[in-house]
Amino acid sequence: MPSIVKPLIPLNPLPKNDLGLTVRDYEGAMSTLCAGCGHDSVTAAISHAFFELSTPPNRIAKLSGIGCSSKTPTYFVKGAHGFNSAHGRMATIATGANAANRELTYIGISGDGDSLSIGLGHLMHAIRRNINMVYVIENNGVYGLTKGQLSASADIGSAPKKGDANLLAPIDPIMLGLTLGATFLARSFSGDKEQLIPILKAAATHRGFALIDVISPCVTFNDHEGSTKSYKFVRQHEVKEVETDFVPLAVPIREKIPSDEAKAVTMHDGSVLRFRSVPDGYDPSDRMSVEEYIRDRQSRGEIATGILYVNESGAE
Amino acid sequence: MTITHRGSERVNDFAVKLANVNGTGSASANSLLVQAIFRMGIPVSGKNLFPSNIQGLPTWYEIRVNGNGHTARAIDYDLMIAMNSQTYAEDIADVHAGGYVLYDSSWPLANDLKRDDVTFLGVPLATMCLENFQKPRERILMKNIVYAGAVAALVGVDVTVAADLLTETFAKNEALRESNQRALRLGYDFATENFECPLEFHLEPMDANADSILIDGNTATALGCLYAGATVAGWYPITPATAVMDNFTRLCAAYRREKIPSDNPDEPPTYKNNYLIIQAEDEIASIGMVLGAGWSGARAFTSTSGPGISLMSELLGLGYYTEIPAVIIDVQRVGPSTGMPTRTQQGDILMCAYASHGDTKHILLFPANPHECFEFAAQSFDLAERFQTPVFMLSDLDIGMNDWVVPRLTWDDSYVPDRGRVLNDTDLAEIAEFFRYTNEDEEFVTPRTLPGSASKGAYFIRGSGHDKYGRYTEVPDQYQEVIDRLKLKHASAAPHVPAPLIERHEGAKVGIITVGSCDLAVREAIGDLAGHGLATDFLRVRGFPFVPEVREFVEAHERCFVVEQNRDGQLRSLIAIETGVAPERMTSVLAYGGFPLSASQVVNSVLTQMEIA
Amino acid sequence: MTITHRGSERVNDFAVKLANVNGTGSASANSLLVQAIFRMGIPVSGKNLFPSNIQGLPTWYEIRVNGNGHTARAIDYDLMIAMNSQTYAEDIADVHAGGYVLYDSSWPLANDLKRDDVTFLGVPLATMCLENFQKPRERILMKNIVYAGAVAALVGVDVTVAADLLTETFAKNEALRESNQRALRLGYDFATENFECPLEFHLEPMDANADSILIDGNTATALGCLYAGATVAGWYPITPATAVMDNFTRLCAAYRREKIPSDNPDEPPTYKNNYLIIQAEDEIASIGMVLGAGWSGARAFTSTSGPGISLMSELLGLGYYTEIPAVIIDVQRVGPSTGMPTRTQQGDILMCAYASHGDTKHILLFPANPHECFEFAAQSFDLAERFQTPVFMLSDLDIGMNDWVVPRLTWDDSYVPDRGRVLNDTDLAEIAEFFRYTNEDEEFVTPRTLPGSASKGAYFIRGSGHDKYGRYTEVPDQYQEVIDRLKLKHASAAPHVPAPLIERHEGAKVGIITVGSCDLAVREAIGDLAGHGLATDFLRVRGFPFVPEVREFVEAHERCFVVEQNRDGQLRSLIAIETGVAPERMTSVLAYGGFPLSASQVVNSVLTQMEIA
Amino acid sequence: MPSIVKPLIPLNPLPKNDLGLTVRDYEGAMSTLCAGCGHDSVTAAISHAFFELSTPPNRIAKLSGIGCSSKTPTYFVKGAHGFNSAHGRMATIATGANAANRELTYIGISGDGDSLSIGLGHLMHAIRRNINMVYVIENNGVYGLTKGQLSASADIGSAPKKGDANLLAPIDPIMLGLTLGATFLARSFSGDKEQLIPILKAAATHRGFALIDVISPCVTFNDHEGSTKSYKFVRQHEVKEVETDFVPLAVPIREKIPSDEAKAVTMHDGSVLRFRSVPDGYDPSDRMSVEEYIRDRQSRGEIATGILYVNESGAE
């Protein structure tokens, strides 16, 4: 059943962490997302990261807003305390929780709609306050749960960009973070667990606000304009009754992102994203050069991934 | 000929429930059946009971056929199409004794699921599709059409009508047309060969639908906005309101694009959009955009659901106090909070009536079906501009997202929008001075001007205290003078909102008041209650502020029941506050579990509370 | 001895109005007078009627002295201190015939301003200050103290008391102390030399204030929050609520900072704040932070006014439905919209009772004065945690920002906060399983756990549909089971909110119901009405949900008046909805111009409506 | 009377513009702001700019949120159509008005509280949509109307910055604008009419979203930490009763900002801001170099003023 696809788990016998727990203890309820949804891969990575960090499940507070992405906290670390709040408001709830109890590890899961539209102001002020938490944006460029409207990060990945850049410029949380003096900024791809897990671990150990923008494709409403396999295209060119509620089963995309070259990854809708992870020796501490690096890669149609910026001095 | 019961035979009076897995394409098959029955001229309804999920969770569809037009939700099923192994147990339990269960017999049915008081009809859907179709995608999709074919045979759907529908639907797609036709036949033939078709409950053609159409409320609402001449919309996606804007967008693209032929004959013409629909960053921005556009003279609206109204509260007060036309479509869903986004309720009545802090009162319209959605949506704009204030149309998920058989939508082409009192430069030239909140008419409306008009008409809108000249004030009398007029203005709208529908019955001492999508169930219930010897009168509120008839109705009856779909009896409260009648004269009949109301819920509650049950 | 009228002489019964220019430092002089009168043991009130402006606009201050303790706003003035040339005309017109006007005679008073039925007392304030003070800043500031001195002489303020006050105030500032003392004397001596002091209405020492203090509601509220042990606050600045947080911040800095001595004796100790007050980016964030902190077990609150509540609506529903303790202080101001931010009203009653979409109901507390602000603020936290829900304390600008004479604040040091039902790890160890919304007590409250507790107690809060186990659900019965309990839980709070205050009078057939800051004016009015031969009983609502007494009171009287400060009679509506009594049994007495209520407004309205006026 | 200080107006006889109107015709009601408030100077500059542009008053729509700054539209171009809306929402109202009528000149006045706290999300989305309007932030680092709380731009001008930069980093609308692909970005100072008026004129003629961040000191609540003349200091070290409602009369600060050197200007609270306007030949079209220039100046404790970035191609 598509609804019971589980995050991949290692072969038995399951290894144990310092607490004597297995990765199973860091999983949660059965996912009800679409088969192949990028979010499920992120969920799996989170389970692994906390497992490897040996974080006591009950010392984790997992929060979210509203959206397919925001449903995922139910799917990891069942022993953690969870709060699936309201659309766009997770950062404010996390801020208050943090004020009341600074001893827990806070992880917030959000979507691009949740964080870059309705919740944008809160996200920016949480960055400014450097709230001690991991903030994951599962970024798919669409509003998944409401069936595929474009989000404010919409043309992430649609290369070349469509339309008037000044009218449709996507909002890039990493760039905003740099402007706002964020202390930890990373970008990754749901399909690359090898990269994502270490980033999650680094973020969880960072004292301060750690923002991770994870490109996490929506297999169902991969709605880039002009994509001939896109949901929108089907809606318009085939017949409503037949297609609207048919969600073909898809498999999650998995790719290892190299640093020596850009890796081209084909999305479910046929569009191609070109990922590159930062090279060895990359210096994530100088804001200006970081920005230049990202923009330079962008200008080549590449998405730079990895831990892009860190400022531990600023950590609380 | 409507319903007939000959012995065990029941014609045009039964209910089918289809249990599916979300995202497997069953909607196509289900609506094919409803459309076919509709074309056979028989009153029918299809209700989609779906989860807040995109793929994999259980979803249900209910088809009710009733020759007498009682097409509210029936909660007692003659035939179950059990396509979801996850929910076999509950679905099979859902059929009434003597009913039937159709299931996919490609796999045997576990014994513990068997019931001996129902008949199981096994159709090897998976196997049939495996044998008859190549593409894996088709093999999944076509299962739906195959069971549709089987159901057609079982309940007597005219298979040629169904076939025609498929032909029309796939006119542009040869391949799909062929495979769908084949699938339909497969199911139909299998059923006729293996079962006694039709079953004792079945269809016989009528012609009850000659002047009707099958349409959902959100589409009808979008049409109403289009006909009313709405040109600006600000919105934020939210279930179950999203389809209003999807449709409005589609309609505008089709009817609101101006063709501008290029001077150079070789070049293609260009198009100018005479509308602007903005997907805002949130609901606060949506209503802000609507107010900005309304201030500037455009007919503007937003569509949202409960959470959106909560967020709009502050700006709704701004619109009320500064007197700016705005139309808000609230397609209600189950609250509080995120609640059950894909389930229906009428829980925003009180909030919408008084939305915002301080003393505010809004105009509300309550459609009961897509036909009224069309008419009331259009009327909302006239009311908003005539009374220069935000106007709410409270639809709900049941109306908005389900297909209803309603009278054909008609539009009076002589319709002239009521733009309210707006002074243009010529008007301004004729008056000595212009002050925004002076010169009120008998409905306490004062003329406004639009940005861009001559400076004589320029004024400064402010949500802070202002006097009737529009000037900033903190003087009690000057402030009160304005908000007192607002209260009177609101009251004057009563005769202009849709009048309540009242139906009296011989010797009725009991009255039943209801609103919106409760309509069909309550009407059916009134018949059933009469059957139980209880005559009741009927009143359906269709607009707020209330006309005196509402109060009179309550006072004219020894006892009144107020049927609504929320926990706290919000309509009852609103009637008490606004008409002055004692809440105690009105007994609540409440259903708020999230599924559309059915007559039996009303009948049971009324009878129990009358203590004659 | 309280009030005496010997011939034309009136002791301890008069009103002075001071007309100033905003931002000129008059507040110092005005409160100096009120404090001095207070120290003389005489009941007094000072009401600040100020504009939404920082500098330059007119502002007024009213001092009412009344030996009987009737210190609600008096709207007829014996003495006017006319310090604002912009408003001379209206201010002079404001004094009743036979009254006095004190003005700055450095400039002659225009003839058209003269009235022959009042006595003009010219004091050359500007000239005196020019001659006696050097610094330009002093020359402006000291004018205020000079007129204070004159007033002291005119109404018989004990000048040594006033002088002592100045000495205390400027204990740390020699220069200021000296100049203020000099200014006071200048005014006092000028008056005694030039006018017949004291005037026929004047003060005589009493001993009414032995157990009283002079305090404003916002300070008292902050104290209440501190004593209740609030440790987290999220807020956004808004008049008239800002001072609540200003004071809470000041108090926390003084009493909530833990001194951590450093190991190295040479190094100074460091301090740890056992509290966190966050100025949020907006009100939505404020309530979000409060809910986050409440979820985590802190006593958290926010303070705001109408517009803030509107913005918080959505999250208030989340708090209600997920059952998180939260305290919201709403210091009400004039709405709708931005309205008159520096004026008072009681316009948020209905909104707060039902804030948010869907079916929601909140607990409300209605303090009438700073003393109740202190007690109710503290109690709000107990109620919020006991009933695991947002609790509103509805203060208003009159209570919050004016100085009131109230009984000394007392605190029972044996107070143990009611933290409600919270399971810690030991508790968890004793039970087999934990489910968030099960195991309810007789008040329908279910135990919760806090983040960080053992995984056995871990659960997943969601604003979406959930069953009693806290699991996601879309099943009608499971959803209803939870919200039905919420309704019962809300009702169970009735006996726990502050009980209504009821005062019966011999043979009264008429009842007067009121709320909050109307208290003093209504009590005074009841006396006056008795004087007019109308005996009335008194009930002041202090909390919602209502106890049965409220309903019984209405039913026990032939007629009830509901006195409140809003346009739409919101308390009356709430009583009707929630108790079931007919709104018609309650007649509204409404004042909503933005100034504090005065007894005469109530008396006139009641008498007119009783048709015996 | 402090309350009737008027924007300075030229000596008679008043020159007329192409419409035969004098600058008087571009003024509005009497200001009720504090004497010497920077906002009044901005108001005067706006009157002049529209006068010089000969914009027909009735073709101007002036909007604002809530705050002292947001009160000012009443004080200029009385013949224009005005909308004093709600706190933080002006951008949304302007967007809707623009959708309904694209023929008018839209100018929105806001404050740093109005735009960078409660209204931040709307401002950013308005920039992203490149709404055709002039958007002025009268930036004083405080919440004036609510009596002096620090705003999100608080330490603008307090050099050296106080506190933990990562906790208190001010939000800089210009930097945000650059990140979001704004098409017109300028910064100026209320005290320099010679610079401000031309910027306003350029902004009004720009087709697209023109953001002007005007540093406009609050004479009453100039609340920089540690400023010994600050309102807060007085509140704490003198006596409440005497001072809280005393607002000393001040005169507006006037300074011409040179481009060849940085000009030090002393604020009412004694703190010093160092302004420099962009040099001749400065290229406002290259986003990256613009950013470098601004940051470079910042690093020297200077505030770069002038038209900092323009992208006409992006104009709608």
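Letters A, B, C and D name the chains as they come in the text, with residue numbers starting at 1 for each one.
By definition in this document, contacts are C-beta pairs under 8 Å (C-beta built on N, C-alpha and C of every residue); 3 or more make two chains touch, one makes a residue touch a chain.
All figures in this text were calculated on a predicted structure; none of them were measured in a lab.
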Pair exhibiting more inter-chain C-beta contacts, A-B or A-C: A-C
Taking each chain's C-alpha mean as its centre, the one farthest from chain A: C
Chain A and chain B: spacing of chain centres that average the CA atoms, whole Å: 36
Centre-to-centre distance between chain C and chain A (centres being mean Cα positions), rounded to whole Å: 47
Centre-to-centre distance between chain C and chain B (centres being mean Cα positions), rounded to whole Å: 45
Numbers and ranges of chain A residues touching at least 2 other chains: 66, 86, 117-118, 120-121, 125, 129, 152
Contacts with 2+ other chains: residues of chain C: 52, 281-282, 307, 314, 318, 337-338, 462-464
Chain C partner contacts - residues on chain A that touch it in the complex: 57-59, 61, 66, 73-74, 78-86, 89, 91-101, 103-104, 121-122, 125, 129
Chain D contact footprint on chain A (complex, rising order): 117-121, 124-125, 128-130, 152, 164-167, 169, 171-172, 175-176, 178-181, 183, 208, 288, 291-292, 295, 311, 314-316
Contact set on chain B toward chain D in their complex: 231-232, 234, 276, 278, 280-282, 284-298, 300, 314-315, 318, 449-455, 457-464, 472
Chain B residues within the chain C interface of the complex: 51-52, 306-307, 309-311, 313-314, 317-318, 320-322, 334-343, 345, 347-348, 350-351, 354, 356-361, 462-465, 474, 476-477, 479-480, 483-484, 487, 566-568, 570, 573, 576-577, 580-584, 592-595
Chain C residues within the chain D interface of the complex: 21-28, 31-32, 52-57, 86, 137, 140-141, 169-170, 172-173, 176, 180, 236-239, 242, 279, 281-283, 307, 337-338
